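Once you've had a glance at the structure underneath, I'll fire off some questions.
Note that the chains are named A, B, C, D, E and F in the order they appear, and that numbering of residues resets to 1 at the start of each chain.
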Amino acid sequence: MLLHLSTWVEIEAYLKRSRTVVIPIGSNEQHGPTGLLGTDWLCPEIIAHEAQKGGDLLVAPTFNIGMAQHHLGFPGTIALRPSTFMAAIGDWCKSLAAAGFEKLYFLNGHGGNVATIEAAFSELYAEASYAGVKRGFACKLKNWWDLEGVTALANRQFPSGHGSHATPSEIAVTQWAYPDQIKTANYAPQIAPTGPIREAMDFRARFPDGRMGSDPALATPEKGGELVRAAAAGLIRDVAAFAAEAPVI
Amino acid sequence: MLLHLSTWVEIEAYLKRSRTVVIPIGSNEQHGPTGLLGTDWLCPEIIAHEAQKGGDLLVAPTFNIGMAQHHLGFPGTIALRPSTFMAAIGDWCKSLAAAGFEKLYFLNGHGGNVATIEAAFSELYAEASYAGVKRGFACKLKNWWDLEGVTALANRQFPSGHGSHATPSEIAVTQWAYPDQIKTANYAPQIAPTGPIREAMDFRARFPDGRMGSDPALATPEKGGELVRAAAAGLIRDVAAFAAEAPVI
Amino acid sequence: MLLHLSTWVEIEAYLKRSRTVVIPIGSNEQHGPTGLLGTDWLCPEIIAHEAQKGGDLLVAPTFNIGMAQHHLGFPGTIALRPSTFMAAIGDWCKSLAAAGFEKLYFLNGHGGNVATIEAAFSELYAEASYAGVKRGFACKLKNWWDLEGVTALANRQFPSGHGSHATPSEIAVTQWAYPDQIKTANYAPQIAPTGPIREAMDFRARFPDGRMGSDPALATPEKGGELVRAAAAGLIRDVAAFAAEAPVI
Amino acid sequence: MLLHLSTWVEIEAYLKRSRTVVIPIGSNEQHGPTGLLGTDWLCPEIIAHEAQKGGDLLVAPTFNIGMAQHHLGFPGTIALRPSTFMAAIGDWCKSLAAAGFEKLYFLNGHGGNVATIEAAFSELYAEASYAGVKRGFACKLKNWWDLEGVTALANRQFPSGHGSHATPSEIAVTQWAYPDQIKTANYAPQIAPTGPIREAMDFRARFPDGRMGSDPALATPEKGGELVRAAAAGLIRDVAAFAAEAPVI
Amino acid sequence: MLLHLSTWVEIEAYLKRSRTVVIPIGSNEQHGPTGLLGTDWLCPEIIAHEAQKGGDLLVAPTFNIGMAQHHLGFPGTIALRPSTFMAAIGDWCKSLAAAGFEKLYFLNGHGGNVATIEAAFSELYAEASYAGVKRGFACKLKNWWDLEGVTALANRQFPSGHGSHATPSEIAVTQWAYPDQIKTANYAPQIAPTGPIREAMDFRARFPDGRMGSDPALATPEKGGELVRAAAAGLIRDVAAFAAEAPVI
Amino acid sequence: MLLHLSTWVEIEAYLKRSRTVVIPIGSNEQHGPTGLLGTDWLCPEIIAHEAQKGGDLLVAPTFNIGMAQHHLGFPGTIALRPSTFMAAIGDWCKSLAAAGFEKLYFLNGHGGNVATIEAAFSELYAEASYAGVKRGFACKLKNWWDLEGVTALANRQFPSGHGSHATPSEIAVTQWAYPDQIKTANYAPQIAPTGPIREAMDFRARFPDGRMGSDPALATPEKGGELVRAAAAGLIRDVAAFAAEAPVI
């Protein structure tokens, strides 16, 4: 069930049977010479939309811009400062909580988002903690590659050249969903370098074509389809466990 | 040309021939008993994606959450505080400007966004104004219904019962794009009431089913198609004029 | 009744018979070669002070600095960033609400303020909307030229050359109130150009003497007096209607 | 010379002979049963306007709302949070500096403003200090009662019952300027209590009629006139010294 | 009793007998050629730690970074912007209040902190004042040199050359506590100049070695010990009086 | 070399031979029935101070309050909101960078700090990334238990009952440094439960005595000394590698 294609009346009815919502969250940023700029928000969107076909899962609109300051040296990247990102996550959560949602599950597609999303959750909880009251809702962050079985599958698919940015697994997922948008390039070196992440100028100097440790040429739509199916199944299970968790207070 | 389905290399090439980008912007909020929650971000997305098929127009990802605090009394609404919305618009603009974009065209789908988006532009310009320097980019806001010919068409299509929220014209646009998501209801009264907009509780008391002055039953996918074609044509012309505007400094 | 020339005891008594207060709000910014820098805050102050002589109307101190970043290229302009302006409007409103005021009527003298003031109201309402509670007060913004009868009168007085900044109507109002501060200049061109509003450097390049579309030479103190009387009468009626409006929740 | 009754052309000319501007700053807050709510912004305005009649002194519009949270238990008080107040002072200073002013002299009328104004100056300087550059302007804060000779005169006029809030000296100044707004009351006790300043509820409990240590019945318009003349003379000298101060870098 | 060397169980027990806590607060900033960078946070820490040996006084961890933007021209200085400093003080206070503390006593070691700390207290109180509720705790700021008897002693110890920054009294206190960290230098001039405090570049130009009006060569560990004993005794008395103060509401 | 016991002249000299500084950072929060409230800032302080005895390492004052909102249900905890924490880290970094430091090494003692510290670094880098310039300094975060050899040693020392909060390893470190502050208690259960971290009330309900998965009774001062020596050695190596890292731009 896609929230944005539903009416408020349908959501009101859904809330009578569940208090859980899944929010795909990612980033719009360079993904090497062949990766789509939308890769990091498309992947969780693709997986969550696939998962909701198989069950009574409510999926919110995709939070498509995240913490990608280090990619700003490459055109097409759009980034929020961490402080802005936190404020926006806070407003999303408060909106959903105002409607009665109590379990907010963020399915994340961008490693660079993790720290800021966790900080945003803490900022939300802190309001209640200073006041000595209950927050009324719980937040959970899960990267799609951390869903049960996904990384193991990716390791089998890509025993070398996976890397950490513009990886063949995420590119495969978008190839499966957007087969007419598959791009090719000659990579030099075939496997990109690794190193620390700092400001955008430093990043582009270290990683001239944008990749980090990866060989995107390994991606295929078929592998992408396998990953999507594994992740969707893992998502359904993980969301169910989160939804079933009883409050302690 | 859709930015999120492009690579950074393709955007770098695009910037050699144009410095203009179109950003669909809207809101995810209740639209009466039958309007999709995503209506206000889907409409500009639908129109901009249609327009880019017919020309060399670059369309950014959709900014899908806006200033909708007054709709928070209805589940499914997700709203940003104006201050958060301004910060996020600022970061989008600075990201695009960092890449070399000089004309940032926001195609808006939500009347409640207008004041905050204008304030966000002023906040961006103000940084340069205090410093006595050039900003380096120009922002433009256009509601899709203000594109040339669109409101005239809507007036012909819906001589009465158009209203100002959950209007038959915006619902028709989404019906054309998502024909399998057409919802129906008995409206009572057929044409919804009007009144001032304040906080969410006040809003729901004044407008019990969420509509303002509208009769959504008038919408059809065919009328939506007409609106999309008119708006897409108007968008292409309006963006071209903005792109062609010469700087004065 | 002027709040700043009253005591708290007098305001406590006033609150027993009315919960409404009028706040003149404007901007201190260049108004062309002959317009006073204070024009935009002086006009609503003049009108509100005139109106309160004729009835039991409480007028707060004038909020004299607003959103005028585009005028910063001309000395004498003092501007707040939109974010600052919103914070300050918020604190004014919360202060007045803490005392028991429930209808906060802002009489505005500067077009550039409108978006930010509306955003500020939404920011205030949003706090209540996220919490699902009543805000407890209602805000209303009215430009003095939008008071009943005023623009019609100005159109009769200035059939051409009115323009949108440093207009003969606003200058006439200040001439009526400050007859010993009437300034003259040779205008070239007689009617100023028009165009978009962006950062201060861009603005000064487009509008070299600060006027937008106007011929201030048309102003006279007599026309100003007519405008003040029309606006004061319109204000009394409009405030009465706002004060009489019943809550829906 | 009053900035708000000048044109930008006149200010441009003034800047050729001086880089100094005086900003009256105060607060709108309860001043006991008989003191005007505007007392703290009216006093510096009265003094600065008087002073500019006798010399080439530029006086900005009055900053009329300040840090008065502790007075919010009494109706008519309007207060800015310290954080808002600092942001607004910052924008005023940056606006004036953008025009070329280098010496910003704040003539203050409210003791409760002092800490926040000083913090605001530090916030402005800090931007330059982190960057290792010159700020380009200097700020100075002076309470009107600290101008040379003023407190000595007040001590002679009011050897007892002066107190620290709703003092006979400040009330006398407003009586001199607004003789038709003189209010009377029976004070009990004749001299108000003293104590610490905390939140508004605590304040009203400690100081039931709003006065702190003062007997406002001692005020007369004549004493007010003496104070204004002494303060205006002191202001002219103090501003001249500030304007004459040479930069060290 | 040092809070950071206690367990939460011990603090819970302490709260049954007292609701008061002492927070040493200072700054880490240059103190001339021989003063320790930590002088301004070490002094209140030394005094508070000494005082708690003689009674049931709870001392929080030291707040060691403050408002020192003007010292940033000298390496080793670490400064918070006033806005950051206020936010952090606010969070400290809310944390302690959440645990049940009602009297928060800040023992300050840096004159430059005073304005911002006072503004921070007002910001905290303001939340309650707008809401018309009690804050629930009271804050008090005391500079260690303002404790009873301390300045009189310092005047006797240093009849000339005390000055206002890198003073012999504060340096003596650190010499007493850190006798193996006593530094020496040739001072030229022996007594440093005085002047206004602005941004860091201006400060370093006016005060080339960092001192203001002082001759640190006058400091001795013995004088420091006398000061610590006097201050510790004064602190115990002052905290007891604050703790004993009854609420008015 | 301890920065706070040095003079600015000594730091100026140090900067001629090194551009690196170590900042111990932690939290002041409950650590179970027997752990010191200061544990998380004492541990990195103890290790860094130990390490600097053996080499030319500059150690800044300890950043002693961090992101501990979840511990606010236990008295003695002092926590910064993530947004405040980020602002403060930003000001520390800018201060040190203004002096010429280029490598800022944060030695962390609190797992709950990690996300916010990383977000703070990104916020700092983002300023440069939007502007398309170099940041000028690099930040590095290292938890003391992640220093080479430390976790392996702890695993040998505490094969079971280590847990994740109020761990025997961190308590052992403080026992070694503060042997007269060793506390004992009967733990029930001997090994504390585990679970998710949310707001303070939820936390206290899940973890009634504050421990998470740990048995602090396993700690001894001797084991603490082993940990300190291992960590200090690892720190010296890790800082040297960071200092030696060449810039890529």
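Remarks
Here is the rule we go by: a residue touches a chain if its C-beta (ideal position, glycine included) is under 8 Å from a C-beta of that chain, and two chains touch if they have at least 3 such contacts.
Chain by chain, the UniProt names read as follows: A, B, C, D, E, F = Creatininase family protein.
No experiment lies behind these values; they were computed from the predicted model shown.
The pair from A-C, A-F or B-D that reproduces the interface of D-E, where over half of the contact pairs by residue number are the same, turns out to be A-F. Once the centre of each chain is set as its mean CA position, chain C (Creatininase family protein) and chain E (Creatininase family protein) turn out to be 47 Å apart.
Taking the mean of the C-alpha atoms as each chain's centre, chain C (Creatininase family protein) and chain F (Creatininase family protein) sit 54 Å apart.
With centres set at the average Cα position, the gap from chain A (Creatininase family protein) to chain B (Creatininase family protein) is 25 Å.
Chain D (Creatininase family protein) has residues 72, 79, 81, 83, 91, 95, 98, 129-130, 132, 200 in contact with two or more other chains. Because contacts link the chains in a way that matches no line, ring, star or complete pattern, their graph is best described as other.
Residues 129-132 of chain E (Creatininase family protein) are the ones that touch chain C (Creatininase family protein) when the two sit in their complex.
The residues of chain B (Creatininase family protein) lying in touch with chain A (Creatininase family protein) in their complex are 3-12, 15, 28, 30-38, 41-42, 60-65, 72, 74-81, 83-84, 87-88, 90-92, 95-96, 98-100, 178, 181, 183, 185, 200, 210.
Those residues of chain D (Creatininase family protein) that touch chain E (Creatininase family protein) in the shared complex are 67, 69-70, 72-73, 79, 81-83, 86, 112, 114-116, 118-120, 122-123, 125-126, 128-130, 132-135, 138-139, 196, 198-202, 205-206, 247-249. Every residue of chain E (Creatininase family protein) that touches chain A (Creatininase family protein) in the complex is listed here, in rising order: 91, 94-95, 98.
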